[in-house]
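Can you keep this structure in mind? I'll have questions shortly.
First chain written, first letter: the chains are A, B, C and D, and each begins at residue 1.
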Amino acid sequence: MREQEIGALERVRLRITCPDGLGIVASVAQFLATEGANIVQSDQYSLDPSGGQFFMRIVFECAHAASRLEDMRHRFDRIAKTYDMNVQCSLVAQKKRIGIFVTKEDHCLLELLWLWQAGDLDADIAVVVSNHDTLRHCVAPMGIPFVHIPINDKEAAERQQLAVLETHGVHTVVLARYMQIVSPTFVAQYPQQMINIHHSFLPAFVGGNPYRQALDRGVKMIGATAHYVTNVLDEGPIIEQDVQRVTHRDDLEALKRIGKHVERTVLARAVQWHLDDRVLVVGNKTVVFR
Amino acid sequence: MREQEIGALERVRLRITCPDGLGIVASVAQFLATEGANIVQSDQYSLDPSGGQFFMRIVFECAHAASRLEDMRHRFDRIAKTYDMNVQCSLVAQKKRIGIFVTKEDHCLLELLWLWQAGDLDADIAVVVSNHDTLRHCVAPMGIPFVHIPINDKEAAERQQLAVLETHGVHTVVLARYMQIVSPTFVAQYPQQMINIHHSFLPAFVGGNPYRQALDRGVKMIGATAHYVTNVLDEGPIIEQDVQRVTHRDDLEALKRIGKHVERTVLARAVQWHLDDRVLVVGNKTVVFR
Amino acid sequence: MREQEIGALERVRLRITCPDGLGIVASVAQFLATEGANIVQSDQYSLDPSGGQFFMRIVFECAHAASRLEDMRHRFDRIAKTYDMNVQCSLVAQKKRIGIFVTKEDHCLLELLWLWQAGDLDADIAVVVSNHDTLRHCVAPMGIPFVHIPINDKEAAERQQLAVLETHGVHTVVLARYMQIVSPTFVAQYPQQMINIHHSFLPAFVGGNPYRQALDRGVKMIGATAHYVTNVLDEGPIIEQDVQRVTHRDDLEALKRIGKHVERTVLARAVQWHLDDRVLVVGNKTVVFR
Amino acid sequence: MREQEIGALERVRLRITCPDGLGIVASVAQFLATEGANIVQSDQYSLDPSGGQFFMRIVFECAHAASRLEDMRHRFDRIAKTYDMNVQCSLVAQKKRIGIFVTKEDHCLLELLWLWQAGDLDADIAVVVSNHDTLRHCVAPMGIPFVHIPINDKEAAERQQLAVLETHGVHTVVLARYMQIVSPTFVAQYPQQMINIHHSFLPAFVGGNPYRQALDRGVKMIGATAHYVTNVLDEGPIIEQDVQRVTHRDDLEALKRIGKHVERTVLARAVQWHLDDRVLVVGNKTVVFR
């Protein structure tokens, strides 16, 4: 179900994390009812009902949500304090702005551009950044800025990249087969807002040339993993994974070709769920409310 | 996540269907909080937030739920009436009793027996009924009654069958490749409580010999469908489906062999979800809260 | 394994259909050895070793295959006659020319264009034909002719279409969500050379609006089917099928969105196999040597 | 397609490995034709047509194959020498004898027993060996010997195990969740004839407690791997792998329950392919002719 606006009602996504306990759902639901907001979808998950961490995602709709949201947040504060809640809240109508990083491989970029064109990616693609000029022709005709930042001095380049992202108001960074390691400084700017696609079924085949590693090991399926970027390479919280069957007939070229399909499928799903605020991070893992 | 008892707390599954509207979740959650019940899991779905049908499944836990349940139900009545709710409620600890119908094929029966033995089927297998004596040896050693009711006079046989089910206190009937059509009278006794496995990906290949039909059509995948039984053959609400890839090399024998694996997998999932009260019927379709 | 040229050796694909019998493989292999041709890949299948239909696909390589092919065919004639063989033969280096028919939906077209751009579609896209001008912008920038033939007079339009295909030397026609029925005259021009994608798991949901039909039936998976076009709607030999899981949450829009992914994946596979001469038709079914 | 006897003809499986080169297929096919043998199925694969390793599996049928096989082998010797072939040959009718090793978990054992009972495992189950007496009740009623060899002195126990296998004429050993490491001496007795099921998608989660490791890493799919046993733990040639989707809701118990299904499916496939001589080992990888 897509969460679109119906009539004059406006939709809001609410995400709550707190220690589990008695009365949380009742307090939140009571609050929303009092505000005249109707719950459209609700998901919850608890690590342990007796005080473990509790996760909740609610989509509600009410009249004039956009103009009232600030006030509602204020009124909700009392409940948030009572239960020690971490609260996040966003208007469905207010699209996130994403920045896509690429190198020379186009398949993940093209998948995102195509979904965006088809209206199936609920975001504004603010900018595409690359250390090569190779893929400019995919991006420019769509009226999306393409910024080529060659990497000679890594630190200088990263300062430039961050400046570009700020200029374009980027909320979420997608590394769409961007074959560079980003620094802790960069990572710190986009906590749980930077998604990478790794071309293996993690934790198998961490690091470089995973298809070559897969070929050498003789696996019967190859995979791809979309995860949030942290400071440990290929170790961030996994958002989504998928695999495809291969056989002894598939050489390195074939694995790459088959893998491209898996990579773009997995990355697209992860980005879509992230944009819908469906992904909550707990430690090094994710809760995905689908 | 399995919903087991923790300590002295007892768990209850609550299912609600009603017209959607403002304040439903708040009222239910408030009620449970007042009763000292903690919500362990909650799923909801609405056909349309503006008055469409609303579905909710809650698992909650509280002290002494078993002894208090009747009183809680009584106190809940006011809310149920306010929102025109259809309410169903069951103790997690109180296992459903199932009756399995078979003919001569053993694979679906064996899958259910194994799961039950392994503690992965949250039910009591009360009785196995068959129109042949063929599979008695699978059932008898487990201490489960096996009742052979030959079908000469169809009406008389059905009366016997119903009597056996009543004697054994059967709540849910599973047709595990029972190759007979049951009468409307029989169906009426187990509304949304009788599950059939059909050996095709419905609505493809309705009726007899679906593997032969699949072979003749040259499909590249074969499937199985678990559904609630209604009075229209192979037309009841679908609970679960799955498929498996086949090739031109697979002859009728191979399709049957591959199909057996899909059939038992699909039937097992459907029965498990049904036993966990995860399946709600709306018209000729199901809502499955997984 | 992709069948590419290595060094000065040239590759040829050979397809043989004949009644099964003793000595067929020996005769063919002996012939190729005598010609100095090395068998790179070989697949065979027999409906029945005792005189049933026999299917064989061989990829061989030899020096100067292109210039020698006509002579080799001639010398092979004796064997072909002995075993009553239907023989087809094509140079791997000689790409098939395909014509793509579309209406307004772009996803299947885009998938084929991408694969072609990425070098993963072993064909020349000769022309794209449409009854609407909508998708011209996807095609024109790639230097591929886009021909808009509005359909007012159906017969006249079809004559125009056939003329365009002839002009561009089209060997294989792909109906990439072309929402029109083609006439028997048209079909007869491209026997087993016209591929359609139907947006359901055939034979379920034949005809119009299959996603609406799927929604109404409440299936738990939706699919797509690529098949050769014959004169009976949605009844031609199936080349490939696949499915994707859906839930009660998925409304019509969601089914279409999920379905698009399956459609383009399935169509791409079918077209690739067809281009590699991997698909042999037997009656209303296919043998696919993968 | 199953390779069963038809009429008085008897079927033989022939497997050949040799350096690739001109005329191999022709020589083999010519030989079989001369012997009056009809090729029923044939698969081949070459690492590199120019002298790389070549693999071939042929199923042929001829009259009185059983009594003639020794002579045919003798006559084939000249060809085998010419091409430096490694040749293996077995009558389809002559079932392999397998020995199954278990500890306390029954699911993989039960799957094999059930397939065997259903006639879907083309082997004789010669004996089941265990370091515990736990699963005797599953095996004994089927008339299959169950031998309990407790492991106090590891070397002595292994001597006993080997003696039991020899007594029962075991050709293939299946470690069906046998939670013990076997010694190099043992492994050497069953080269490419000992199959293990590891409960992870190798090479992810090598070693102990893979489900715990999977839970901690937060993967979105869990898998199982069937491989030939070598002297390096979990590093032998992979025969088959598969995965199943999991979510954040699945705790350790759930992973184990879901995993059981994948394990038994994967092991069953690997054993069936091995019994059909479909698996050829090359270095640390397998060629599987399906």
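Note that a residue touches a chain if its C-beta (ideal position, glycine included) is under 8 Å from a C-beta of that chain, and two chains touch if they have at least 3 such contacts.
Source: prediction; values computed, not measured.
Trainee: Looking at C-alpha means, what's the farthest chain from chain C?
Mentor: Of all the other chains, the one whose centre lies farthest from chain C is B.
Trainee: When chain A touches chain D, do the two copies use mostly the same residue numbers, with over half shared, or different ones?
Mentor: same
Trainee: Working from the CA atoms, figure out how many degrees chain C turns to land on chain D, in steps of 5.
Mentor: 180
Trainee: For chain A and chain C, what's the span in angstrom between their mean Cα positions?
Mentor: Spacing between the chain centres: roughly 37 Å.
Trainee: What whole-Å value do you get for the distance between chain B and chain C if each is reduced to the mean of its CA atoms?
Mentor: 42
Trainee: Got the chain A residues that touch at least 2 other chains?
Mentor: 45, 249
Trainee: Help me check something: in the complex, which residues belonging to chain C touch chain A?
Mentor: Against chain A, the touching part of chain C is residues 1-2, 106-107, 110, 114, 118, 120, 141, 249-251, 253-254, 257, 260-261, 265.
Trainee: Looking at the complex, which residues from chain C come into contact with chain D?
Mentor: Interface residues on chain C, with respect to chain D: 6, 20-30, 32-33, 36, 38-46, 49-50, 61.
Trainee: Chain C touches which residues of chain B in the complex?
Mentor: 45, 201-205, 217-221, 223, 237-243, 247-249, 284-288, 290
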